Amino acid sequence: MLSLEMVLALLPSSIVYGIFLGGLYAIIAVGLSMIFGVMKVINLAHGDFAMLGMYITFWLLTIFGVPPLLSLPVSFAVMFAVGFPFMWLVKPLFKRPLEEMINSSVILTYGASLALASGAQMIWTSNFRRVPNPYWGTTFSIGGIGLDMGYTVVFMFAVIVYLMLYFFLIRTKVGKAIRAVSQDPDAAALMGIDVDRMHTLSMGIGLGLAALGGSLLSLVYYLYPWVGEQLVLLMFIICVLGGLGSILGVFYGALIIGLAESIAVIFIPASIKDVVAYAIFLGILLIRPQGLLGGKM
Amino acid sequence: MYYAERMRRGVVLSAAIVATIAVIVGFVVGIAGGYFWGLSAVPAPVTVTTTKTVTAPGAAKTVTATSTVTATKTVTAPAAAPLAGKVIKVGVVQPLSGPLAYFGESGLDGVKFATDEINAKGGVLGAKIELHIEDFGIDYKAAAAAAEKLITVDKVNVVVGGFASGAGYTIEDVTEKYHVPYVTIGCSADTITARGYHWVFRTAPNSTEYMLMMGHVLSMLYPKAKRVAILAENSEYGQASLRAIKKLAPQYGWTIVYDEPYEKRTPDFRPTLQKVKATNPDLIGLVSYLTDAALIMKQSKEVGINVPISTISGAGPQTLKFIDLTGKGAEGMVMASEFWPNKKWPYLPAVMDISYKFWDKYKRPIDFQAWAGIGVMYIIKDAVTRAKSLDHTDLRNAIASTNMFLPWMGPILFYPNGHAGWWKYNLVTYQIQKVRQVDGIPANIPWQSNGLSFYAVYPPKAAVAALTTP
Amino acid sequence: MKLGITDRSRLLLETVGIIVLFLIPPAIYATPYRLYLLHILILAMIYAVFGQSWNILAGYAGQVSLGHEVLLGTGAYASALLVYFYHMDPWLTLIASAAMAIVTGMALGAVTFKLRGFYFALATLAFAEMVRLIILAWSGVTRGAEGVPVPVPQPVNMFGFIIDFKSKFSWYYITLVFMIIAFYLTYKLTRSKYGLLFRSVREDEDAAASLGVNTFKLKMLAMLVSAAFAGIAGGLYANYMGYIDPAWEAGGVLSPFTGLDALVIGIVGGMGTVIGPIIGSLVRVGLGEYLRAYIGVAAGFDIFTFGAIVVAVVLVLPTGIWGYIDEKLLRGGVG
Amino acid sequence: MILEVDRLTKAFGGLIAVKELSFEVDKGELMGMIGPNGSGKTTTFNCIAGYYNPTSGKVIFDGKDVTRKSSHERAKMGIARTFQLVKPFHNMTVLENTMVGALTKGASLSEAEAKVEEILDLVGLKDVMKRKAKELPLAMRKKVELARALALDPKLLLLDEVVAGLNPTEISEMLEVIKEINRRGVTIIMVEHVMRAVMSISKRIIVLHHGEKIAEGPPEEIANSAKVIEAYLGEKYMI
């Protein structure tokens, strides 16, 4: 068994790693929360859009030599554009009653996820790839805790993206309109907001954020066509934990899960660290059925 | 009554009966149609496509793989061609989509490569080999269905493939039931051949053998290592290896200080690695697939682990992709593998020859799965030659009594349980070293990455380079 | 409702349908692909029971579970472990399968039935994944990642019929009987008082509670039936396939993708209809296998096509395939 | 006395929706409850019907303390209700909608079917009983809720704005039905935002404002109460 001394020795760096992991989770999950919160669509294909973002970064670098960080806006823009046809696919579901819409959206996006991943395999083969970026494997150390440049960059961008998104949603007119639609589409429509447009817009932003998350993930992880399936379930847990449609909540949720997983590893085998994440999720949901920051956005 | 009224007699009755029958008939016809359509879609036996022989500079140009095989075997005269006009149907079940596709394709390419070569030389006793390729993704029940289809519909003479041990289990269940010989590609879990099955043969080493080899080499390389931490993924592959390691550890004077399994598919191993570091190991052993192993290598540096890390099992890391993903940090790592294009033997030129041909054809380095695919096809060829028959039982008995030598594998002999004895003969340890000219291997080999490649270092009779402490 | 005069047509219809099902094996006996086809049909029938189990909970009682594989998996494990370690009679272990799945289902219900909609769906997902990881880690009991190989049972003599468990024909009839029983029970249940109450809970829980419906108890009841079906499907699956493991990858009995399969079967077939899951499982297992085996343009093309078909069905037929047939052709007669 | 509400308080976080509310209802009475928007009428209903647990105070029904009982238990004891925003079971037929209440009281399917036919006749839904609830117009859906509640054989019926959104003809029809139900011995509490509908049929009216009772008495008295007018006027100015 572990001595207290050892636990204390491991704890500080575990916390740091947990926060950084949380940052990574947060940047991938935020687009999901956007789509989930505004349109009540469970987008199982989210991970696959992130995968597309990873490939965009990869090809921009290999073919045109674009540095990975400069490809962030490109992958956001490309997937933002993809949001429109995707919305066209999803839109017929909104005519259905809410419960039916949820079920249909799960299956529809599951089908889309299969098609995207296998399509990617057909185009780019099943090869494992790595984006050769300058941050890969570069480490520095603060207070004896070794840190990876890649994770640090991801975390920084996570914070920047959250701030921008927060500003966008709180301050701008369009952002306010999106929030209104997310809270009550009918009332928003009565106030003269074009609900359809806001839906399309937030779908575009959601997918764009997914790709952005993917592009950032490619700084620290490998890419292959089926990479998207790996994380998407945990991302949903994070979204709901934070509270449906609450952008800030997602950040907290991601930090909690990241920290919980990192710290849990001190005490239990790494193979069951996700059990802790799921248990925390269920526990919080039983106490606060609306999630941590549910209801606000 | 209201409920009763919901039924409208005439219309409902006829419509629903028609619907039910239509669905069933449609299903039957669909499969049947697909079957016949599929027959026409099956590619005709592959004809000669490669004639170009690229030989390594300095290698004996005359020796080719096949001639070596027949030379070392008991001589059978194929002139009579007793199977002329017949077709040897080989069913290939491999993961060709999903996360394992990279390895599955590699094995399939090996199978295709060998098939082309054999057919180009006139087939086996006049019979051409025909491949029936099935993809199971990662779905093991699809693997069983694929085997079922290959055997009952396509009537294949032998089934090969698998890669994942889980798929191997379900495939061998099917082949056992229909009494069809099954030769695995991959599937290293000990238990594949420990279930008392009669029809399964494995060319891959099992976990225990990998471990025996690696333990031996690692205790040579790091003689002072006493405390050993093992990071094994929580799959059958990882845990089977872990069990083997634990059993063998005392033999090398090792104390296993860490043996907790980890969950695959996580982007962050640092907390785990920290815990490993806290146990103060002298040596860390990995039982991981490709990406996890590469990620662990990378992140161990962040955590400040400066004890040697080594893979101690088969699967993933023994491909060039591992060096690709890990970068320069991979230098000095050792891993046991059955095949890599530089095993010494007297047959190195032949091995190099095949490696170059394979590279030309598929533009990928030949790796352990591809070698296994090629090997499996030559084993089948050999068995058919001896059996002079395509009957399942004859083939099975012929495979069981295989006693042959393949330049890239070494001697092939199957134990009664269907496992080929690797530890004794064929398993070789490779080390990732700087690419350079060594005896029989030029410096300009295409299968290198970051200036690194694999070099056979142990046992001495196979070694092309010396084991060096990184 | 007791059988009235006009239910005669239904009875006739069902009898014909069942006779057709019973006659499939002899009908296809002469064809070269009989065993392969039977294999697919057996899997489809097992999945139909699993899909029906999901349908009872989601389609009738309105509790859309994304983690339904946990019931199938625990059921499969109960049977497989008993057969493997204690060489128990597979028939008896099916009872254990049902019991184990019910216990799991009750635990799942106790934890998650307070939640609604999204929250319920994702809580089931988390619960199922938790159970999978625990089964994976608890290798002393469950053999962990190694999985459980299930030995083929000895042939059984039942009323003069020799049931040889190596034969696809035996298995076909075994699963057929189980499927018919499951579907008959579902039919009875949904046409009973409880069926009506389930639907009231599905439509509006608050309104149902205001009418004296103990919604928690009722949801638990739906879970009980659902779990029993899923558990038996799991037991059949383990014994038929001969090997189960707790892998995350598709095809594992505890894999999240298996839970999604239940959704595909239920929704593509037609939620809240009794026949729907049969159609759905023919699509999931039959069409999926057909694409995999015969449409080999490129690796992954079959999955691509399947994904596209699922998307198309969801968009074109909101109520699923059987839902559409039922509404448009049979005018809501058969359900 | 069938219902006694004793110092009922319900707070949502910091917001107090109902404050120290007490009133009694006699058997067979038809009582009205009015008040401006947000005055706590529906919250009071929800506390009586068991949808909310009150923060403090007691609800005594038929001599038994039901404060901590869940809504389905109260429904079985005889408290039935309708919802302000109608919640019929959309994908079920009118008949099936109505049968639910009877079934929870222990009837079999055929008994329930026989029993509710009479109720459907009473509320005037017999012709549409095989239609799905979602296909009906609002007035009909409100009647479906009423019929559904009646199938419980309630002792106390809580009607939450059953005439809101209806046209004058529909209102008078509905009021007739309510009067008939009351005549058959069911105690009724009727919440209305519009005073006129309640005035015409109830003997006694309670007025709520900001969660507190500000007036109680016969309709004429209420109509002339300065306090009530002030409350309503205040609301008008606010709008």
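By written order: A, B, C and D. Residues from 1 in each chain.
Here, a contact is a pair of C-beta atoms (placed from the backbone, for glycine too) under 8 Å apart; a residue touches a chain by one contact, two chains touch by 3 or more.
No experiment lies behind these values; they were computed from the predicted model shown.
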{"item": "Most distant chain from subunit D, judged by the mean position of its C-alpha atoms", "value": "B"}
{"item": "Centrality ranking, top chain (CA atoms only)", "value": "C"}
{"item": "Geometric centre distance via CA averages, subunit D-subunit C, whole Å", "value": "43"}
{"item": "Centroid spacing, where centroids are CA-atom means, of subunit B and subunit C in whole angstrom", "value": "35"}
{"item": "Chain centre separation (subunit B, subunit D; CA means) in Å", "value": "72"}
{"item": "For subunit C, residues contacting two or more additional chains", "value": "1, 133, 136-137, 202, 299-300, 302-303"}
{"item": "Junction residues of subunit D - those touching two or more other chains", "value": "90, 109-110"}
{"item": "Residues of subunit A touching at least two other chains", "value": "118, 121, 126, 225, 269, 271-272, 274"}
{"item": "Complex interface listing, subunit C residues touching subunit A", "value": "58, 62, 64, 66, 111-112, 114-119, 121-123, 125-127, 129-130, 133-134, 136-137, 202, 256, 260, 263-264, 267-268, 271, 298-304, 306-311, 314-315, 318"}
{"item": "Of subunit B, residues touching subunit C in the complex", "value": "1, 3-13, 15-17, 19-21, 23-24, 27-28, 30-32, 34-35, 37-38, 41, 96-99, 101, 105, 133-146, 148-149, 151-153, 155, 166, 169-170, 173, 177, 189, 191, 195, 234-236, 238-240, 261, 263-265"}
{"item": "For the subunit D and subunit C complex, residues of the former touching the latter", "value": "49-51, 70-73, 75-76, 80-81, 83, 87-92, 96, 99-101, 103-105, 108-110, 112, 145, 148-149, 151-152"}
{"item": "Subunit A partner contacts - residues on subunit B that touch it in the complex", "value": "96-99, 101-102, 104-105, 233-234, 260-263, 265-272, 274-275, 278, 290-291, 294-295, 298-299, 301-304, 321, 324-325, 327, 329"}
{"item": "Subunit A to subunit B touching residues, read off their complex", "value": "6, 9-10, 13-14, 17-18, 20-21, 24, 118, 121, 125-128, 130, 136-137, 139, 141, 146-148, 217, 220-222, 224-226, 230-231, 261-263, 265-266, 269-274"}
